[in-house]
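Okay, so chain A shows up in both of these, paired with chain B first and chain C after.
== the complex of A and B ==
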C-alpha cells in the first residue's frame, strides 16, 4: 500500500498542477476576451483571429480539468441503493461505478487519439494554425485520466475487500 | 428486436447503472454507446465517443460553463455574499423576520452572480445562519429561509443552469434569461410573503432587531459597491446587448478576480479552493453534457420521443394534466438528484412531449427549473437541505425540512400561477425579442 500511496500522491500532485495551469489559461482567456470586447466597443477593431485561439485554448483547458475530477471522485453519483443496502454492499457498488468510469475513459482516450490522427492536416479557419498538435495535447491530458481513475478504482477495491474482511473478522469474533 | 423495445431496455439499463453508483454522466454515455452499438454497430457507436468529446470540448458556446463556475468561486472567495447580506440586513434587519428576509434577498443577489443553488446555500449558511441564530431566530425558520433562498439561485439570471438548458435545447440563452426575470421576481416576493406570514402567526420565532441608521445603511451601500458593480456589469451587459453571454461571464471573471485581489483574498488556500471547485465542477458538468448528447443519439434513432408523444396523445389527457404529472415527476427527481442531473437525464424525453402538447420550450425551461428547485428542498433527499445539514450538524434534519415546508407550499402556489398564466413568463421575451 505504501507504493500505491506514493503513486497516488504523485498522480494527485500532477493532476493538481495540470488543473492549475488550465485555470491560469482560463483566466488569461478571460482577460483576452475582455481586451477583445474593449477593442471592439471603443476602437471598433476586435483582436484578429480570437475565435481560433479561443477554440484551441478552451479544449486544452477543459481537458486539464478531467483528471482532477476523477482523482477527487467528484462526479455526481446517486448512492441511494447503497445507503438502502448498507455499507457492505455500498462499497462494492462504488467499485462497480469506478470500473464503468475507467472503461469509459479508456474508450475516450482511444477515440481522441484516433481523432487527433484524423485531423493531422487540418488548420484553423482564420489564422491557419495546425490543429493536430492541440488535439494531441488534449489527448495527452485526457490520458492522465486513466492512471487517476485506476488509482481511485484500486483504492475502492481495497476498501471493499478490507471492509468485507473487517466484517468477517467482527462476525468471527462475535 | 424493434428499435423502441431496445430503447426502453436502454432506459432501464441507464437507471440500473445510476442505481449501481455509476456516475450519472458516465451512465448516460455508456448507455448511449451500448444501445447505439446494438442498433447501428459497434464501430459507429465507439466513434461517437470521440466525435462528441471533441465537438463538446471545442465548442465555444459551452465555454460559458467554466467562466460562470470560476466567477461564482471567485465571488465566494472574495466574500461578496457577506456584503450583500449586510446590505440587505441594514435595510430589513429591524423588522420582525427581517434577517430571514435579508437572507432571501442576499441569496437572490448572490445567486445572480454565482448561478448555483448549492453554492448559494453553502455560502449563505456560513454568512447568514450564525447571525440569525445569534439573534434568537428559530432554527427551523433560519434554515428554511436559506434553503428557499438557495433554490432561487438556479432561477435568477444569469444562471448556469439556464445556460445549460439553452445549450441542450438550442434555444437563445439571452431570451431564456429574460424569460426568467419575472418568475424569479415572483419567487422572491412569494418567499418574502411566506416569511411575513410565518412571523405574523408566530412572532416569537423571529425577534425584531435594532433599526440601522441611515448612516449605517449608506456605509453598507458603499461597502457593497464592488458586488453591485459586478452584478451590474454582467447583467447590464447581457440585457443591454453590449456583449454576448460568454463575454459577460469572462468580464465577470476578470472583475471578480481583481476584487478578490483588492480584498486580499487571493490567498493560497482560497486559490486552492477556487481551483478545485472550478476544475471539478466544470469537468463534472461537461461529463453530463457529453453523456446526455450521446444518449440523445440513441433516443433519436430509436424514435423514442415520437413514440412517447404518440402514446400520450392516444390517452387523450388534457395538456394541463400531463404537465402536472411532469411537475410531480420533477418534484420527486429534484428531491433525489442534483438540478443538473435531473434536467440532463430527462430533457431528451420530456421536451418533445411538452412541445408536442403545444407549450413553448422557453416557458417549459423556466417551469422545469422552478419545480426542480422546489424538489431540492423536498424530502427525502432535498439536496439544499442536505448541504445545510452537512454544514450545521447541530440542527436536526427534521427541523430543516419542517422549515422548508412553508416555502415548498408557496413554491407550489407560484408554479400554479405560472402554469395557468404562461404570459407571465413569455411576456418579457415577446416584447424584448
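== the complex of A and C ==
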C-alpha cells in the first residue's frame, strides 16, 4: 500500500510538472501571437513561419494536460444507468468506464507511435522543421496517461470491492 | 400419405440446391477516393470515366466504387495516410500536404521552369517512372497531373517588380516563400486556399500565387484585379493505389489497371483542368476592372534574374540535385519535342 501510494505520488508530481511545462508553452504561444499581430500592424511583416510553430506546439500543449486531467478525474462522466440500477451496480459500472478509458488511451498511444514512425521524413511547410520529434514527444506525454489512468482504475476497483464487502461505500468525486 | 407429402416437400427444398452452381466469393470492391468536389474536372471528366472503363474492360468482374467529395475523409492532409492504411484503395493525393514525404517533388515548384500544365505533368510522370524522385516505392502509381500554372494575382496595381515591394503574398510552401521573398514581397504562410478570398478582402494579404481553375473554385477572382501573366510555379498532384490492394488483384485485372492508367490518363487530367482554367481566364479577361499585365522583355529578364538563384540553391541542397535536374531537363526536352512546344520560357 505504501509502495502504491509512493508510485501515485511520483506520477502525480510528474503530471503536475508536465502540465506546468504545457502551460508555459501556451503562454509562449500567446506572446508570439501578440508579437505577430504587432509586427503585422506596425512593420507590415509578420513572424515568418508562425503557423509552423503553432502547428508543432499545439499538439504538445494539448497532450501535456491529459495526464493531470486523468489522474485528478477531471474528465466528464455521465451517470445514467448507475442511477437506475442503484449504488451496487454503479460502482462496478464506474470500473467498466475507467477500464474503457484505459483501453482508449492505450489505443491512442499505440496509434500515435505508429504515426510518429510514419512522419519520420516529413517537415513543416515553411520552416522545414522535422515534425517527427514533436510527435514522439506528444506520444511520450500521452504515454504518461496510461499509468495515471491505471491508478484511477485501481482506485475504482478498490472502492467497488470494498463497497461490496460492506467495509466502506464511497462515492467517486468525478 | 403424410409421409409422402413430407418427402415431397423435402425434395422441393433440395432441388434448387442440386441445380445451383457453387458461388465463388466475390473480391471486395475497390474504393477509389477523392477529397475534391464530385463536379471538379478531375473527378467528373477523368476518374469517373476511368472507373467506368475499368468495369467495362473487365466485363464488370472488377468491382470499383467511387467516393468523391471527401466522403471517405474530407481533409487533403490525411489522404495519403488513409491510402496507406487501406481505407482507400486508390486516392487523389496532393503531395504538398505532407512536406518531406516525397522529398524531390519540389523540383516542379522551382520558378519559371515549365511552360504548361501538360508538359509539366508528363515530365512529372516520367521522372517518377525513371526513378528520379524518391518516396514512391511503397505505393502503386496510377497517374499524376500538375496543377494549372500559378500566376501572381494582386488586389493592388502592378506595373513592374518595384510594385511588389512589401506586398503581403500568400504562399504554400518554402519554395513559394523564397520566390516571393526574392521578388521583393513579404511571404505569408498559414492561409489555407479556402481562406485566401476572405484574407484579401480583410486586407491581411495583398495577393496570392494561384492557377486559374483555383481562382474560380475558391472565388479569388472576385477580390484580385491585377494578374501578372508569367507562369511562375506548379503544384504536383497524384493518383496512387495502395500497393497491397494492387497486388491482391489477379494478374488479368492488374494488367487492365496498368493499361488504362499512365500517360494516357496524365493527358486526360491535363486536358480537363486546362479547359476549365482557360474558360475562367477568358471570362475574367472580358470583365471590367480586371487588368492583365504581360511583362515586356526587360521586365521578364528582371524576374529571371531575381529567381534564378533558387534553382541553384535547390540543386545544392538536394542529394543528387544535379543528377535530378539534368534528368528533368532531358525529359522536358523530349516532352517539348513530342508536343512541338517552345523551349523554357
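Basically, the second predicted complex is superposed on the first by the 166 of 174 C-alpha atoms of A that agree within 3 Å, B and C clash if a C-alpha of one lies under 4 Å from a C-alpha of the other, contacts with A are read in each partner's own complex, and residues count from 1 in each chain.
In the analysis below, a residue touches a chain if its C-beta (ideal position, glycine included) is under 8 Å from a C-beta of that chain, and two chains touch if they have at least 3 such contacts.
Just so you know, these numbers come straight off a predicted model, no measurement behind them.
Look at A:126: by the touch rule set out above, it reaches chain C but stays clear of chain B.
Touch criterion met: A:52 reaches chain C, while chain B stays clear of it. Judged by the number of chain A residues each one touches, B leads among chain B and chain C. Contact with neither chain B nor chain C is seen for A:137 once the two complexes are overlaid on the shared chain. By the touch criterion defined above, A:101 reaches chain B but does not reach chain C. In the superposition on chain A, contact is made by A:44 with chain C only, not with chain B. Legend: residue contacts after superposition of the two complexes on their common chain; A:23 is shown touching chain B, with no touch to chain C. Comparing the two interfaces of chain A, the one with chain B and the one with chain C have residues 51, 54, 115 in common.
Of all the residues in chain A, the ones that touch chain C in their complex are 40, 44-46, 48-52, 54, 115, 118-119, 121-128, 130. The residues of chain A lying in touch with chain B in their complex are 16, 19-20, 22-23, 26-27, 29-31, 33-34, 36-37, 41, 51, 54-56, 58-59, 61-66, 68-69, 72, 74-82, 90, 93-94, 96-97, 100-101, 103-104, 107-108, 110-112, 114-115, 135, 138. Listed in rising order, the residues of chain B touching chain A in the complex are 17-27, 29-30, 33, 46-47, 49-51, 53-54, 57-58, 60, 63, 66-67, 70, 242-243, 246-247, 250-251, 253-254, 257, 274-276, 278-284, 286-288, 336-338, 340-341, 381. Those residues of chain C lying in contact with chain A across their complex are 81, 84, 96, 98-101, 103, 135, 166, 168, 171-174, 177, 186-190, 204.
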